[in-house]
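Encoded as structure tokens, here's the structure I'll be asking about.
Order as written gives the chain letters A, B, C and D; numbering starts at 1 within each chain.
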Amino acid sequence: MNELLNPAVFAIQARFNGQVSEFRGDVTILVPAEKIIAAATALRDEFDFDMLSAETAVDYCPQTNPRFHMVYIFYSTKTHLYLTFRAPVNGDDPKIATMETVYPNANWREREIWDLMGIRFEGHSDLRRLLLPPNWVGHPLRKDYPLGYEEVQYTFNFDDIDLRKPKGVR
Amino acid sequence: MTFGLFLEWFIKSLVVILAMTIGFAYVTWFERRVLAKFQARIGPNRAGKEGLLQPVADALKLIFKEELVPANADKLIFILAPVITMIPALIITGVVPWGPPITLFGKTFTLSVSDINLGVLFILTVTSISIYGITLAGWSSNNKYATMGGLRATAQMISYELALGLAFIGPILIAGSMGINDIVNAQQHVWFVIYQPLGAIIYMIAAIAEINRSPFDMPEAEQELTAGYHTEYSGMKFALFFMAEYIKMIAICMIGASLFLGGYWGPGVAAYPWLGPLYLFIKVVILLFVLVWIRATLPRFRYDRLMAFGWKILFPLALLNVMVTALVITLVGG
Amino acid sequence: MGLEQKLGNTGVVTTTLENAVNWSRTNSMWPMLFGLACCAIEMMAAQAANYDMSRFGMELMRASPRQSDLMIVAGRVSQKMAPVLRNLYDQMPDPKWVIAMGDCAACGGVYNNYAVLQGVDEVVPVDIYVAGCPPRPEGLINGVVALHNKIKGEQFAKWK
Amino acid sequence: MREIQEFTLDELKHLFSPKALTGETMVLNMGPQHPSTHGVLRLILELDGEIVLNCVPDIGYLHTGIEKNMEGKTYQKAEVLTDRMDYMYTMGNNLVYCLAVEKLTELKSPARADAIRVILLELSRLQSHLLWIGTSALDLGAMSVFLYAMREREMILDVFELVSGQRMMTTFIRPGGLWRDVPVEFEAAVKKIVEVFPKRIDSYEALLTKNPIFMDRTKGIGKIDTKTALAWDVTGPTLRATGLAHDIRKANPYCGYEQYDFDIPTQTTGDVYGRYQVRVEEMRQSVRIVEQALNKLPYGPVRDNNPKFVPPPRSEIGVSMEALIHHFKLWTEGFIPPVGSVYCTIESPRGEMGLFLESDGSPKPYRAHYRTPSVPLLQIMPILSKGCFVADLIGIIGSIDIVLGDTDR
């Protein structure tokens, strides 16, 4: 772990009950979901992490608690270091407070996560689907959502599959 | 009016209209080839030798293309608009002489459809009318882009009409006449571009803006308003707009050549009158080349800057030009 | 469609007219300025100096579907884009042609998933499929020439 | 038949002024098919005359489901999908994926592979910037620049074709190094580019930089300051045009960028013209980096020699049983990185491109998320375009250089 990260990591660990882990030099702190906004605010204001480089979620599907991990990756343009926060989110009613108030760019990133993962962000100013059409059903990046694979047609099963295909020109 | 006079007019009009429509076709070819040369490309060369049949192919294809009228368009105006744009474009050049008077069958013919003594005024009026077609086309299409294109055309026309009119005044003052024929004849020895360099430049800029050519092609700014006022037009109706634009290109080049570059005059015209149309043709081609060159080089103006340019720079300059010209003429005595 | 519907069949005149019209259509085919994804870049390359589709009279890319004859579907068509694409196709006046450029437009390509339409032929009728991911500009030009050959064989009687 | 699923104005009323609902201002739908939205971007504009009061970007018309698709493929196969994301910087997409996989599996790419990667990446950046200068000039109505830029771009694509057989979607950079060594003609071809390019860049500048109309169209348009840019996570030339010299190539070097001597161009204006100047200067710097990398191109292998992760050379398969087994295992089952997640970033022509890659100890990525630079750039469109003219909006879209494949994935 880079020494420049130490003060931030220790402070977050102590104040927000974080669990620190390190893998291949990437430092990850598991922060409880309800403290994530306070932790991010502290990180931004006290430790110069001025950018939210990425925000995403991981679905550990069959388990329900925590089914999702929200992943926040912060970057400091002063020290050029990355720091990752993870927040567990329950799968029964996935919701977490919005990061938009701390880092405004979380707006679209959270819309994307809502769209593809179905995690609701409380307090978000404009929680609409970002990538998919507005009336799409389901959240495709969840592990229990099928890929939507379409069978490949060979000569022996061409006609069978062709019958099932949607035909635009009707 | 005698039958002979009628026949003369008829033949002359026919010649002008044919020359203009064929000219239009080959201006498109000329532009596409020259532009391609500027841009390290080849340009159309498959239809006929060197792509010379390209305009024919375009025309034939457009004739056999489906004509659509949008459901919510104002049908009458929608159909009328291209016509309103097209006809003024065709008749502008009616007053421009394309050669010295010739004598045939013991009768002297002037080589212009009509040699009215207010030719310059006629040109100004007719060019203003053609803008109505564009505005109406934009309005009647019931399309927001088209409406914006139409409105831009109006605003642009208002800003440039004045400068254009003032640019005409220089040659008028020097020649002492508003007839184009007189103006051309006054340039038999010295072209007015020598006396009126500023006027010529103002005329060129204002005229390009008047016919909505790049860099002033705001009404149809492709990157901004998809296709501007003719977004909803297809087939021959679109072709008419296309035609009007290119015919206006020829027209302003002809007028510019007549007002500032000595019209049909050149060495040897007095002795061999048939050289007159040839010289005019060469001058028009050179001016057209300049138009294409400008299009290949310059980015597009912004709509509000264009108007600011028209009102704040061109208009005062044109006024100054007129005043200085008038002063010099008064002092020198014509 | 246009004028030829009213003409009817007049034997040798029709044949000559057919030839002339088909010739004009092949030589003046204005594509719609319509790019979706990666293939659109190759389509631009085909327009540019080294390949120069303008030789075929195709450099007048029309931004408005109303004035275009050819829709080059260059790239993957997502489920969100598919209705828009169909809408654009409907706005084009007859006669109109469609080239499905690239594997994604032809059959979904490598993206066999929820988001991508498995071939643009599910929403619009396609005349020519050009394979490749993305096809080289030469490939696209080959597709265009193939379309020209197809058009040259068209007859009034068979036009709908 | 599918229907276009529209938002109603009521749904978007928190984004527009109340005047839009009464019809006092005009709501204009720009795109997804529009000549200057660089793909299938859709902007819903609220206009007062020609002045943009509000701009709501709507993306997703190119949503391809790449992240979902990658979860179903082995690590080698998933890389092929990444090419088509930011289709103007395909090498970079591959690279960030390879860097992430290398970080997961602790592979090391050899020095020669790194140098060739740098050359190819800078050429990629150059071709991306070329297309940008072409299209953004075309948006402002200067059409010749576009065709000149495309002409030069062909030279670079020829090099890509030379090394990989593909013009755009090369998948040439692989985890652990490169697909194979470059052919002997490579150096001569790159040398030619290095010689020719500075003059060509001068010629674009001659057409644009001092052109009064161009300056008029770009100066003071679409301004943004460093603080806002950072808050909205804007990176790349757009950030550098505001005055902050932030470049991942310097800040967190990868592929041995620390060995090369280059400057980070910055401007303080933060407007369209500033972005233009930064990018043009970046093109010159790219040429400089390519020249240096070419001059000290080391010899040696181009792939890590770890048979568990990197396929053996073709020649060995015929003579070595082990090589055959490894090859078979790699292409059927794939390799298995340890459990964990990594985050890797590179500097794409548009900004910071990152990949969050999580492995669950299976041969397929458990979760791959691309942090793409175009998303924040589009997200600040409402800020950049507030109060500008429609014509300026076109210039702004051109200047931030978005790639829709990059935003929608």
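By definition in this document, a contact is a pair of C-beta atoms (placed from the backbone, for glycine too) under 8 Å apart; a residue touches a chain by one contact, two chains touch by 3 or more.
A quick note: this is a predicted structure, and the numbers were derived from the prediction, not measured.
Asks: Could you see whether B-D or B-C has the larger number of C-beta contact pairs?
Replies: Answer to which pair has more contacts is B-C.
Asks: Would you kindly tell me how far, in whole Å, the mean C-alpha position of subunit D lies from that of subunit B?
Replies: Here the centre of subunit D sits 45 Å away from the centre of subunit B.
Asks: Taking the mean of the C-alpha atoms as each chain's centre, how many Å separate subunit B from subunit C?
Replies: Distance between chain centres: 35 Å.
Asks: Determine the centre-to-centre distance between subunit A and subunit B, using the mean Cα coordinates as centres, and give it in whole Å.
Replies: 61
Asks: In whole angstrom, what separates the CA-based centres of subunit A and subunit C?
Replies: 41
Asks: Which residue numbers or ranges of subunit D touch two or more of the other chains?
Replies: 1-2, 5, 34-35, 60, 63, 65, 68-69, 147-148, 151, 408
Asks: Quick check: what residues of subunit A touch more than one other chain, meaning two or more?
Replies: Each of 131-133, 140, 145, 147-148, 168 in subunit A touches at least two other chains.
Asks: Give me the residue numbers in subunit B that touch at least two other chains, ranges are fine.
Replies: 39-41, 222, 226, in rising order.
Asks: Would you please name all pairs of chains that touch?
Replies: Result for touching pairs of chains: A-C, A-D, B-C, B-D, C-D.
Asks: Inside the complex, what are the residues of subunit A that reach subunit C?
Replies: Subunit A reaches subunit C through residues 131-133, 140, 145-150, 152, 165-169.
Asks: Report the residues of subunit D in contact with subunit A in the complex, numbered from low to high.
Replies: Checking each residue of subunit D against subunit A gives 1-2, 5, 7, 11, 14-15, 59-60, 63, 65, 67-69, 72, 103-104, 106, 230-233, 235, 244, 246, 251-252, 340-343, 345, 352, 354, 356, 358, 366-367, 369, 371, 375-376, 378-379, 408-409.
Asks: Mind pulling up the subunit D residues that touch subunit C in the complex?
Replies: Against subunit C, subunit D makes touches at 1-5, 32-35, 39-40, 60-66, 68-69, 80-81, 84, 87-88, 131, 146-148, 150-151, 153-154, 157, 167-169, 404-405, 408.
Asks: Could you pull out which subunit A residues touch subunit D in their complex?
Replies: For subunit A paired with subunit D, touching residues are 23-26, 28, 50-54, 56, 58-59, 71, 73, 75, 77, 80, 82, 84, 103-105, 107-109, 112, 116, 125-126, 128-135, 140-141, 145, 147-148, 168, 170.
Asks: Would you pull the subunit B residues touching subunit C in the complex into a rising list?
Replies: Spelled out, the residues of subunit B in touch with subunit C are 32, 36, 39-47, 51, 53-54, 56-68, 222, 226-227, 230-235, 238.
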